[in-house]
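Both complexes below contain chain A, partnered by chain B and then by chain C.
Take a look at the complex of A and B:
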């Protein structure tokens, strides 16, 4: 659409932006969490006398103090205790919470809580847990038939948090008949999202109400769980989410909020709970995965079957992992024509930090094996890895999964864009070598090079349930209320752009409030790259509703019927005034849609070539014109009879219209990388990164490119550096010194960011989501590129220098 | 050890963003805690608490310092600059302007630390080249942007500050 500066930039460069960690309430107390020093043990005694007597301590809370409160949470499997009940299941699990006047006093007293354990065998990896008779959860917490979305959790106690599968055709028979079968097994590490603002929550329980300020990505999901746990009506629970210091999925669903709320309930004071990086790593990580892919090809290198096994290490509690596993299954086989498929997935409970959502949501784990397998297949088949993909890619409109939305992207065109950028880089390098006249530079001695492409398609957008409210004031300016949380993606900017366009006002005339469940309307989640698409549609619908309400007010003031008022050029006209410019006049009960059609030609001019509206967008009064008619401000002031009042529009998205078929869109990941490998050290340098943002329409191109580079960089982190390492019961690297994330000097030497805008999405103006896509294929692309450089295919990430060095040794054998 | 009563609080006198501050602070209080919890200057953030992320960077007598790992009592007699003290009234510092113009922020949590480190760099090395920018900024982490826009912002700010200092000379 247009470049628009971020709405939050001034606040953020001046230090004025308010985050949850900055929040204070009158008479606030501070909590420190006593965490388990065992991975798996029965709690035999908790001695808190010394802590309770320590200076400044208000109370020390354990599970037994929680009375009638719902002690467990978990939106899919309610297996997660606020404070450990009877036993602990991972090192770092909250056992008690100390509430004191100051953070220092709370931290000091937490050291004085003495916990006795009766040790159980610690099952710290998925293979061990699945093979063991020792149960991490000795009971099922599910009511019969209980499910979340289409995920019906496994009500078993065999260390399985979830099991699922997807199949069509006869994969086994097709593999047996295939000309070539290629098998790939990869290990995806345990990774930590590291949002720089670590989890925190401030809670104020009062009789009949609960107010929480937290880092929650999904405030309405948190509200639902808190209401259940505290036996309160939804309306009595207020979850306020200011700016979030990074989310990336890691702040999805409920984290510290129940702990803060229980502490406030116990102490009778507002209580703040924060985490350091170590505690944050104990709070949530991403699912580790062992994935095996077997692909059968016919003599023409066309896929005849894929058989895939996914095993997640889900940690001590299910959190969102059952849904992540289900998505991982859907995202594991790639956007290819696959006549026979079988994917089986299991998420294992282990005695490690609980896993949950992280950017990509199961796609990076599965694509590592799936896309590396395509490269290995190309090698075996003796054809180019780009060509093997080209031969098998689905076309726009093809079915990926029966019953779901057909593919809404042109992947061959995306692939061409990647290859062209990679080729350009190679040509530029050759030209530079020629120009320098240095013949030796052509062969960097001691350096190996490799390049690779990778593609993914994710069923994204989550549930299309969204509500937006636009309040137009007496001067025609607008307050937009949505519950989407702003965690850096720029949703307040993009949604303001959509509202400004729909209402024909400058973006400066649109204010966007922060999410606060007391004031902002219902939103399913802020995740799955959904906001611009799904919430954007809700904003468009709210603006259409606002125009209808303005038409009604204008008609009422003039003593005519609503059918006599049309919207044209951002103004309201009585049909007689515009009959010479608007054929058909768009009158009728659903007249907005009709006049949208009536003004089609003009609208297309105003929008510019190649842009179109879909669904509610057709209702948008987008023609720019001036002169006759009334401005919305004039209509409002006339109707209220004063320079006062406001008119409100509400827009709702549900599983209907543009979002009737799920997913709301397929989020495409399309990347290429060129790497160099230092033969002496095994160090990998990313020479060139190419991302194609296949977003249908970029409402704000700078924001989309920002999402793509940020997501791809997190993918590089997983590919090259990031890994939580367990040694026995304990995480050995719970800090940012030993858990290494990408730094500035790790950035690729060249970055090409392409936006593919083909208007093929269901969102506003043909938009589709961005945010996860550019991460999903990156670990696979890097693994394949390093494999090509070294001559041995990697099986495990991250590709640290020691790992690559041992690949180099294998290559020489 | 209860017998030996070392002082648990001490008076610190310093100047923070041009404002004279005199406070009795616990000796264990960090600069970040003083700024955020006692003075309401919440622009300075804390993340890794191990001096690797740079989020908490402030300038003490012009030098970049990790405020999460520096004791408030050590500020006695110093001059402290935080992100809140950079702008002149409504006029932003060129580094702040450059971060806005280059889209060099997303969630914004790391932004104050990056900006303070960039200010320190450009004060110390007004002619900093790209290698120096990358070296100085390598001590700050960002999880959102992928760094390229931040590098651009600092480079642009450097050239703009050099241009305006040329104008001042004329």
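Take a look at the complex of A and C:
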């Protein structure tokens, strides 16, 4: 489509954008959270008398105060107490909350809450936890008979949070018969989804209602949990989400909202809870993973089987990790032809910060082993790593997982694009060396180089349930209402572009409201790279509905039937005045003239925007009326008989039509990297990063490229720097000085961002999602490239300078 | 919590008033880039902070051509230091090191005095100033005394300052020919810093960041055995930036490259 400037740019750069943390309510009080100083311990006493007497303190809340409130949350397993009940399971877990008039008073008083512990063994890694008889959770929280993803709750006889498996064929037999078997084991670190705005929530509980303003990515999911916890109807719970300062999946599902709501309930005041980076790291992180991949190849380097074991370190509470594990299994084996497969996954409870959704959602963890394994296999088989992939890649339309949507991407073409960009960089460097006449510069002394490609395919888009509402005003301008949250990805811009195109209005005439469950219509989630695709379809459907409503109004005003009104070129025409054209009869009324309902790109192009009720793509009406039809604004004003009123369109996406088959789309990750390694210091420099955004159609190319670069950079952080380090019970680096996120000078020296627009997606104009794809293969690609440079395959991320240095030492032995 | 406790504030442009206030519970404060995080984490619990930023005597940069030195006030920011023409002319290595301290926000508020007095080992200025033979003037209501950098910085986060003393100025001899400073910085703070003054007959080597405090040795040029013994004898810290073996290896590689073989 076309470039459109970000709609939120002005207010954000001028400091006027309202984020969740900016929210205030009259009579608001402030909370400070008292956090556990043990990783695993029984709570024997909480002495709050001194804190309650401190200046400005309104109340000090502990679990025992919460009475009839549903004490636990967790949208899959309700294992997560609002405030620790009887025992704590990780260092930093909320034990009590102090509510005071000012943040200072709350923080001061929080230090006067004295907690006594009776220590239990701290199981701070998955291997220890799975081998231990000590249970982190003694009970199952699911009702008898309740299941999640067809897996019954594990009896609490071990520290397994979730287990799942995917298999076809006979992997064991095929591996035994394989000409070559290559095995790879990798450790994916515990990482934190750093966002500039840390978690915060403001809650106002009043009898019969609850109003929350928070950083929730999925306000409707949070509404549902709060309604259950507070025994309120959905309509009585209002969750408002202004701009979010970064999400990356870390703000999926319920986080601080129950704590703020319970504090408000107890204090009888609106209460604000905020976090610093340390508290944010105690709130959620991504699952760490130990993954082993064994791949069997035949004599032609074709895969005959893959056997994969995934072990997650899920932390103290399940949160969304059972689903992340299931998706990790689906995303572990790659977009290859695999006749025999077995993937087994287990998510272990440990006494560390709870893990949950994070950009990529299980894909980066598994792809690290899976894609590194392809490189190791190429080495063993003596063929090029690109070639081994090319021989095994699935073709468009092939089945990845039986019963799911066939592959909607051309991966060989994506791979070719990566290789060509990597080659171009190498050629440019050679040319530069020749031009400089310095033959020695070709091999910088003390520097090793390596390059690698990596590919992933993720079943993305989540549940296709989405609703959009467009309200057209008397001047023809439009307010678009969706509950999709804007967290920096630019969704309000992209969705406004779709609405503008469908309604034939300039983008300036489309306003997009913030997510607010009281006013904006239902949205499943803002995640899984879904918004442009799934919400975009809902917006298209809402615009189609709006056109039909306008046709009905035009017909009503003119005393004709709706079938006598067609939409062409963004205007409404009466077929009574039209000759030689297909009547709208039997066409427009039932929604034929289907532009915007998910046709492929070819059909969408043939039928331009703002066409409705014309019956057929190739039969544009010949307009013979004296004028050029009516504008929508004229229709509205005519019908209301005043320069007033508005017409509304509603669009719904569900598991039907373009999104009948799941997933709504396969999100492709396709990257290449060239790295250099300093032999003395072990420092890795990313010389060249290639991303291919296989998005079907880029509604806003700049935003897609921004997503790709951002995602890839986050992947570089995992590959090279980011790791939550536990030393015993405690996180040793709970701050951004020691938890190192990528910085500007870490960005690759050269970036090639390719967009592959083949119109092969189910979304608007053939679009598919972006946002996570470019992260997923990056850790694997960097690991493989460093392995090639150094001569030893890495087994563990991040590849910090000391870790690469020790690989270099190994290489010398 | 990131919320700071409520603190008293003493603010004066008069050095004597400031010195009268500084004490055990009254922490001197300039850029706050060390004190504020330390207080937020509860590592420091001052009752009040004493603002040094308005005291002109602590903010000067004076070039003394006669003495061949530059005197730098403790409340001078890294940015002013790195931008100052006199410092750039006479202390180019120090100016360059200051221009690469921390990040832009730290450089625009953090000060020379704060950097030295917190004695964070993973730091650049202590190493460079020790290599330059700088001296520190320390003041209190009781009087003044002058210390070498290695007399001021005693260990990790440890100085010889009494609770009522502040660092007033640092006097730095003009940079000698043959000086360089190199650092490896993978994280927010340097992993290893190496200041060298290499002349025809002398190797002056100062190692910082990787040890508890900057360490200096002067060797005859070509004394590779002495150099190797120095490197082997250093006690490197074991922290997130790397294990001791790593730091020793990186130091050796750097010295190999700049001075010749050390092993």
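The rule we apply is simple: the second predicted complex is superposed on the first by the 755 of 813 C-alpha atoms of A that agree within 3 Å, B and C clash if a C-alpha of one lies under 4 Å from a C-alpha of the other, contacts with A are read in each partner's own complex, and residues count from 1 in each chain.
In the analysis below, a residue touches a chain if its C-beta (ideal position, glycine included) is under 8 Å from a C-beta of that chain, and two chains touch if they have at least 3 such contacts.
On a predicted model such as this, the values are computed, not experimentally measured, just so you know.
**Q** By the touch definition at the top of the document, which applies to A:276: first (chain B), second (chain C), both, or neither?
**A** both
**Q** Is A:104 touching anything from chain B or chain C once the two structures are fitted on A? First, second, both or neither.
**A** The answer is both, since A:104 touches chain B and chain C.
**Q** I'd like to know which partner A:490 touches here: chain B for first, chain C for second, both or neither.
**A** Touch partner of A:490: chain B, not chain C.
**Q** May I ask you to decide whether A:655 touches chain B, chain C, both, or neither, giving the answer as first, second, both or neither?
**A** The answer is neither, since A:655 touches no partner chain.
**Q** On the A-aligned overlay, A:8 touches which partner chain: chain B = first, chain C = second, or both, or neither?
**A** After superposition on chain A, A:8 lies in contact with chain B alone.
**Q** Between chain B (first) and chain C (second), which, if any, makes contact with A:17: first, second, both or neither?
**A** In the superposition, A:17 contacts chain B only.
**Q** Quick one: classify A:706 as touching chain B (first), chain C (second), both or neither.
**A** first
**Q** For A:246 in the superposed arrangement: first (chain B), second (chain C), both or neither?
**A** After superposing on A, A:246 lies in contact with chain B but is clear of chain C.
**Q** Pick one for A:749: touches chain B only (first), chain C only (second), both, or neither.
**A** Neither chain B nor chain C is touched by A:749.
**Q** So which one touches more of the residues on chain A, chain B or chain C?
**A** Comparing chain B with chain C, the partner touching more chain A residues is B.
**Q** Identify the overlap between the chain B-contacting and the chain C-contacting residues of chain A.
**A** Common interface on chain A, chain B vs chain C: 104, 276-277, 735-737.
**Q** Considering the complex alone, what residue numbers of chain A touch chain B?
**A** It is residues 5-6, 8-19, 21-22, 104, 193-198, 243-248, 276-277, 487-490, 702-703, 706, 709-710, 712-714, 735-737, 741-745, 747, 751 of chain A that touch chain B.
**Q** Would you mind writing out the residues of chain C in touch with chain A in their complex?
**A** 1-6, 37, 42, 184, 186-189, 191, 240-243, 246, 249-250, 253-254, 257
**Q** Give the list of chain A residues in touch with chain C in this complex.
**A** 32-33, 103-104, 106-108, 110-111, 276-279, 679-683, 725, 732-733, 735-738, 740, 800-802, 805-806
**Q** Over in the complex, which chain B residues touch chain A? Could you list them?
**A** Residue list for chain B touching chain A: 26, 28, 36, 41-45, 47-50, 52-53, 55, 82-84, 86-87, 92, 96, 99-100, 103, 105-112, 115, 134-135, 137-138, 140-151.
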